[in-house]
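Take a look at the structures listed below.
Here come two complexes built around subunit A, the first alongside subunit B, the second alongside subunit C.
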Partner chain A sequence: MTILDWLKHAFDYMGGAQDDPPPGFGIRVEHWWFWAIWWAALALAIYVFSGQSSKFIYIDF
Partner chain B sequence: MSSKVGILDAPKRIFILALAGIVLMLAALDREVARLSRNTIPRWTMGRVRQSRGAQAIALGNSLIGVGFNEPSFDAGMGVGKLPGSINLAMGGSSGVEQLLMLRYALEQGLRPRTVIFGFFDFTLTHPLEYSTRDLIGNRAMLYYMEPEYARRYYHLSPHDRAEFEIMRHFELFEDRGTVWERVELFRRALAQQGMPPEKSNSMGRSVDFAMLEYPSASEFIAECGRARRNPLIPSIREIALQAEAAGANVYFVEMPMPPDHVHLFYDQPQWSAGYRAHLREMLGGIGAQYVDASHWMPDENSFEDPLHLTYAGAQEFSRHLGEYLRRLPSGETKN
Partner chain C sequence: MIFNSWDYYLFFLIPSAILCRAASPERRPWVMFLSGGLFFTYFSYTQFGGIAGAACLAIFLWESFVSRFYKPASWVCWFGVTQTVVFLVLFKYRNFLTGLVWHDAAHNPLYWRNAFLPLGISFFTFEFVHYAVDRYKNKTEEGTATEYLAFILFFPTMVAGPIKRYQDFLPKLRGISRAWVIDWQRGVTRILTGLVKKFAIADVLTAYTSHLNSADISRAYRPILLLWLFAYGIKIYADFSAYSDIAIGSARLFGIRVPENFDWPYLRTNITEFWRHWHMSLTSWLIDYIYIPLGGSRRAAGQVYANILVTMFVSGIWHGAGVNFIVWGLLHGVMLVVRRMWRQIRPLDPDARPPLWSQLGSWLLTYVAVNFAWAFFCMDVHTALYFFRRLLIG
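Moving on, here comes the complex of A and B:
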């Protein structure tokens, strides 16, 4: 399995498209903290990049 | 039966624990945004106010006066000598409401200036303020935390945005989201600059962005002069004049120096010079404020670093000239 295949498998697993993790993948989606981190990370990404849709003509640096 | 209940309970438990974990992480993020925004421009300016209680003059306005008002040069022009001089409370990208709040904060902190200067350009004094929560970023974020109920009297929000505002103002995460977005924006611009010719920019931002704040043509500007002549002063601007006067200050509204192209294309039109400007003079005179037309004071385009802002040297020259001008005005000696 190439690194890319492994990563794809890992993301598929985390996204729910695969039932089993790739070999050596230590995180189990049954853990509550996985979901807490997962959704918090997604919320953070949305938060950080949502400013792109604002009227950011200029900024005081 | 009991095993079935156990299977059903497991996802529920995971969901509740995960939700609690998310809330904890978002609370940590909220605290981090609060830490990052401790020195935003409004908070930094408030800090300066607390350290400048003896200031004899206050300058208010947006970035034009933020960059264009040089305190030592103005003080030299006013001839204040060793007395406490002026303080520049102008903030880039701010409107009359934020400037009113900053004036009120200064007065509340015990400042009793003899002079209040408000610098403006184009239709700042009469253009109605209609916001959405999307607009309340950058320096306007102070509307969330500085007398928010009072400030709401002076700008309009839709019912949807009012509800959103009420929720957002309790979380630093939302209040000062611009602090995070600024960093992302800077990073994005740095990436966009890779392998490209350098863009002209200054302390306030990219020069090209400020050109967008000008009217695209003289005909549109003239048309706006016609509409604006029917508008009263916006309430926040009126309050700035009235509250400063009530505190014993002489109030001057300064039509800021603009580059020769802007002056020629827009301000030399009779619809501005004899129409809208006369309308402003009359309205400001009616509430005891004075109008200073400084738009032609800096005829050299090299005194400007972009389509709106003075260079540092230009700001020094303008500020000294303004100080000298106000010192010569007889009304400058009538109060206090």
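Moving on, here comes the complex of A and C:
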């Protein structure tokens, strides 16, 4: 696995698109303390940036 | 404004997903069908088309009724395909097509003043056509009427995909995953990631992309023009992949895995690979229901190039009722043809790994070409040509 493939896999895993982490990645799905912090960080980012009203581009109305 | 609204999560996604998992296998299609029907009616009525929009639920019920008569090699399947395409043309292209004849809307006797689009029509059209064609070819089983309604009204993917296939969906519907802890952990993570992409990347870039209009283009420095266009390239990726993340994550809460739509398309080193990883469920639909029926790659070179151009023309016009979308689709078609011609002149050695500089050059060329083509996606043809004139000549 190249570095680029490993990074893509790691990003996908952190974003919920992969069930298993890449080799050597320490965080597992069972590590609830980590995911609680991660979800809180994502929720904070959503809170900070929300409020801009724009529709999704691909919804054709 | 569906996936980024509280209504979606509190009134539809969370209750329906819990109910679906709690229900017996026989009742799950009913939960999906009824929740999808309520979802369609609620968001159509409150946001898109009012009562007339909500009444379009009848399209799903009618399609479900007609689909019961789809049998292998039956003419009814072609009737189903035709009526689906007629629905799409009537709602989406009526004003565009009649506008080609009567340029002035005031003098167009067929102009539809209060035009609206039924929620998700561009996407459910694909699923209706897929089912009719695959039933004709006996590539999928019939299923029950409720299972079919659950398939077409499955609300996480109803509005803008990913475009599902019945033969993939049905086994998942009948045997919903029992590993709800991992499904909810991954699903919620996916939804939150999608919302961050939408709010923190796509919406923030609107500050740049909103300048892509004639007035601002006429005043901007040339490097700034490039910045705006490349910002649009990132915005549309962040926006649509965010949408797909939320749809896929939502489906996961039900215990159903739907097809992926994106796999790092901007890292690809040629235009063919780009399309294999951008809006993947659309690409595979276009290949299966347009490109291959036209003859695909098993024809003389000229016919294959024509097939590619026709397929990308359909892709372009499907993206929007405008000449600019046709130009955008055909531009991609031309790029795909040029890439195919190039590979016929210089065939790839499957055992040789290209040097790094070659890969970087190919990536840069692909990235720039895709981003330049976005100009025809986000601006009308006249404005896009003006954009390039300002960019190249000054």
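In the analysis below, the second predicted complex is superposed on the first by the 46 of 61 C-alpha atoms of A that agree within 3 Å, B and C clash if a C-alpha of one lies under 4 Å from a C-alpha of the other, contacts with A are read in each partner's own complex, and residues count from 1 in each chain.
We adopt the following convention: a contact is a pair of C-beta atoms (placed from the backbone, for glycine too) under 8 Å apart; a residue touches a chain by one contact, two chains touch by 3 or more.
Bear in mind that the values here come from a model prediction, so they are computed numbers and not experimental data.
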Which of subunit B and subunit C A:A43 touches, first, second, both or neither: both
Which of subunit B and subunit C A:K8 touches, first, second, both or neither: second
First, second, both or neither for A:W33, with subunit B first and subunit C second: first
First, second, both or neither for A:A17, with subunit B first and subunit C second: second
Shared subunit A surface residues [contacts with subunit B and with subunit C]: 35, 39, 43, 48-50, 52, 54-61
Of all residues in subunit A, those that touch subunit B in their complex: 30-37, 39-40, 43-44, 47-52, 54-61
Residues of subunit C that touch subunit A when the two form their complex: 1-4, 48, 92, 116-117, 120-122, 159-160, 182, 185-193, 195-196, 198-200, 202-204, 206, 235-236, 239-240, 242-243, 245, 248-249, 252, 260, 264, 267, 320
Residues of subunit B defined as touching subunit A within the complex: 10, 13-15, 17-22, 24-26, 29, 41, 63, 66, 91-93, 134-135, 137-139, 173, 177-178, 180-182, 184-186, 188, 203-206, 209-210, 212-213
Subunit C-facing residues of subunit A, complex: 4, 8, 14-17, 19, 29, 35, 38-39, 42-43, 45-46, 48-50, 52-61
